[in-house]
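Each chain carries a letter (A, B, C and D) given by its place in the written order, and its residues are counted from 1.
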């Protein structure tokens, strides 16, 4: 059963994009929840770029029926797969540019604070969770994997484990081409905000709104990391992007990471953006610091099988989080 | 719950490929089956080229977990989707070349007779089906959609409905290039049987073993539809292939088709093999004959979403088959 | 030196597309022509789909300079390559749909008659050719190769040799998909003439205007070989296309072909349209009829190296045509 | 006419790859050279990665005839294009790994010194050049364009002009992925020298042999810029690569560049490696320093039309070099 509520957040209020500060919040209660009074570990599912929580939970189920509702993904985990029951929380992190990337930004909204300070207390107050960090984990694919890293590595007192699935990592190799793709797509015009239907423009403005916001530069409120028309990399803007990159900020967060009870890195060795290189490098840095973690590669690409990865991630989370 | 049995078939015995005549047979019993004594409509799921029934039912569920077990596909149909319960039967149609195409062949085995004369009676005898053609339907994707057409259009007294999903159709446009791809792949060598790991060679020998078998031509027992090295199309062999093509044999089976209570044609408009053209033409011929059917197109390609199509097909089958 | 003239043709007059009946005609005179009074063999270069004679002879030579003027291609043939000098004639076969395909059509114009009855007599009358079929040959790439086949195989008394380069052949395998590509490109709209900038629509209307013209069907004056929206192949229209296919009409022209002093078939084994299969089959049929010819394959694709093939073709033509 | 000689070079002797120190040297003498006693400006053509001077000058001219001999490219420049005659020199810069990149390296050989100190004096001593830097220029495509930049920007007293065509530039964006492609291609094996037929391995070892040679590390004598298996970028090695990058070293060579009489930057806006971004950035830096130059973009990609670019480059060089 999934309970849908709406949550108003002061941390999202006032975002410069004018996106809503009241958001959907979905809470999956495992079979047996109603009949018992036990408490459950909780897994937070952070969705990917371009999605909303609603689309994850209740995709259109008309004749097309491409994506199953998330319950069809979760039920077998706690059913046929035999994983002990957990509560799964699905917050909304959408932005009009695609995704708030689960970080704090004056432009898109403070999504980190929103999850940590609004969502978690609300869930603990309203559902029979085990209200302790040792029983609270994160998982997500792509931007959701990136968000899992960001939230857990900065808030180990809130989340004890993260399953990082095909996450945005090693931006210097995997994302630096994107602003150039954007310029190519509009050349010889000058950049002037995201162009509807132009993927590269939307994702670049999305990242910039999250990683290099500039409240003093209306109407788009961002600094882009490349100059136009020279194409020069603007190093100080790019460095702001890099500060969010797991392979960069891992070095400053070792103490936090050591506190976690579980880190899973899982990426496809055919990932379209070569994100496996980021995962490998992250694993290397964790090993160098003596931080235990699990590093897996699967034969997949970036596009497919996120639902199946969620199932695997929950199976793993259940082992590293404390039950009652 | 899925019941696995093994079924020995005289209709498969003696196939010239030496493939086993004893095969897996899986029967999915819907929730509540055990607690009731009611009888259920039955849907036969015919798998695609390159698969086995076992792979459909119990794919590897290790860390990779790409494909869910078929129960995870079927349970939500009769659960969250609210479809009245049915029995779903999953016979095995594998051949060492890829697939028996659910037709009779002295080389690969008589799969049509196997399903009609062995599987159906066995299922009716051992499970609480409604043992009547009006309550018996077929569905399948790709070669499984082709097989559904073949079985229902030839045996309307056994099956009353078929959901034909992205089926091999209009071979003259969608499959004629394949033998040439095969020749290209081995050129300048002469054809000499399927080459392991060479997709084009395997699928061409597979089709030939099903559509143009030649028991007098060891060791491969097939006639290929193109001459080597001239590349001339061997029209009489190609005509044997075409005789299995739904857009060709539809004209001779109108009386049978009229007896059916339901025909669903469903294809992706981005199908990699342009199979939507075959479906459109088939729909055109059915319309010309005044035969009611449902013709749908979805935005998918050939590779993906077969499980989701199965769910849609079952929802549809449930409406056209008679319940108890 | 290239002499440019304009030639008015009664055979092109009245074409239903309203294309001009006066055309460019370019004649390349080899080095030494002016200083001698000898007579030369003549090679007719038939250009490809989408070109004009002018573009072949004098492509833009601005800063971009992609294509060299044809003199830069021909001079080395009769210079560094040491080929005895020939006159090279470059008629114009353009149509507003792309190309008249060097055949007779009431819609695009009678290009076969134009070349045979207008161009050849004009050239013989105005330049020191050897005015004899044994000293007259044809060459061309793609549609120009197709045109070379059409003209020589029907007029062996006019042309004694043809170099058929990557020609449209085996249409049943290499071209039948094109009308479907066109329908796909406009779907769900109905066909309504060529769409500017839509390659598939332009080439299909072009072929139809040449192969299946219908003067009684304004405003486009063509029969298309596929029905809309069923996608059914209209066999009698398709058969009209096939009647122009070298691998089909070869059988009716064996007597003509026997009269030729040279046939060169040359195609790339990576041709994007698999035209090598047409060339192989054509070679097979010629062999079966005991007609000597040269069949070559090179590693090229369809797009590139036409100029280099022209050089090779002229070298070969020089050997099979009679000099003075 | 092209004169072929062999030149032994002390600057190539002792290279650690054991490549020959005696090399081909081709000198193209324009029409009329023999009949006059005038002196000519000289253009040095630097070939690309994977080539030899011999392949440029006399490619195979058998039935395949893909590439014309360089004379067929040069003759029209000084003929139909009307460019005043020049001497064109074609040195050999091949290495067993692909190309010496026209830089000095103890591993591949000192190709800069070879051209400057061996080739130029030899040509001036043996042919009627105008033996002055103002009459001496460079041109090349891809690695040859890179080499033109390297030689002219470091030796303005020797060369007064350079035509930089689709040159390796902005390595941080256009080349950094290559070592990762190499690792991907051999994964999970460890790097162990160039693998025959593996393009990525060969080009990475080639660049490393030129940009980050390490005579103390037999048997391959290179430092690779990425660590194995972590994939970490080894910044100090990568910085050595970058020191050869035109967009990096331009800043240190402004005084030299100011001495030149001509700089042409020409790249295709569809370049497969996005080298147009490097050219744009280089143009930006030159503009910022007030250094006049010509910056052109054409619609081409990386693969094609190098010969046509050579023709355009020579036309341009002729304008900026001093004649007699």
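We adopt the following convention: contacts are C-beta pairs under 8 Å (C-beta built on N, C-alpha and C of every residue); 3 or more make two chains touch, one makes a residue touch a chain.
For clarity, every value in this text was computed on a predicted model and none was experimentally measured.
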item: Topological distance between chain B and chain C, in contact steps; value: 1
item: Chains touching both chain A and chain D, listed by label; value: none
item: Whole-Å gap separating chain A and chain B, where each centre is the average of the chain's CA atoms; value: 41
item: CA centroid of chain B to CA centroid of chain D, Å; value: 59
item: Interface hub residues of chain B, defined as touching at least two other chains; value: none
item: Pairs of chains, among all present, that meet the touch criterion; value: A-B, A-D, B-C, C-D
item: Chain C - residues contacting chain D, complex; value: 61, 63-69, 71-72, 75-76, 80-81, 296, 298-300, 304-305, 308, 311-312
item: Contact set on chain A toward chain D in their complex; value: 170, 172-173, 176-177, 180, 184, 187, 229-233, 269, 274, 277, 280-281, 284
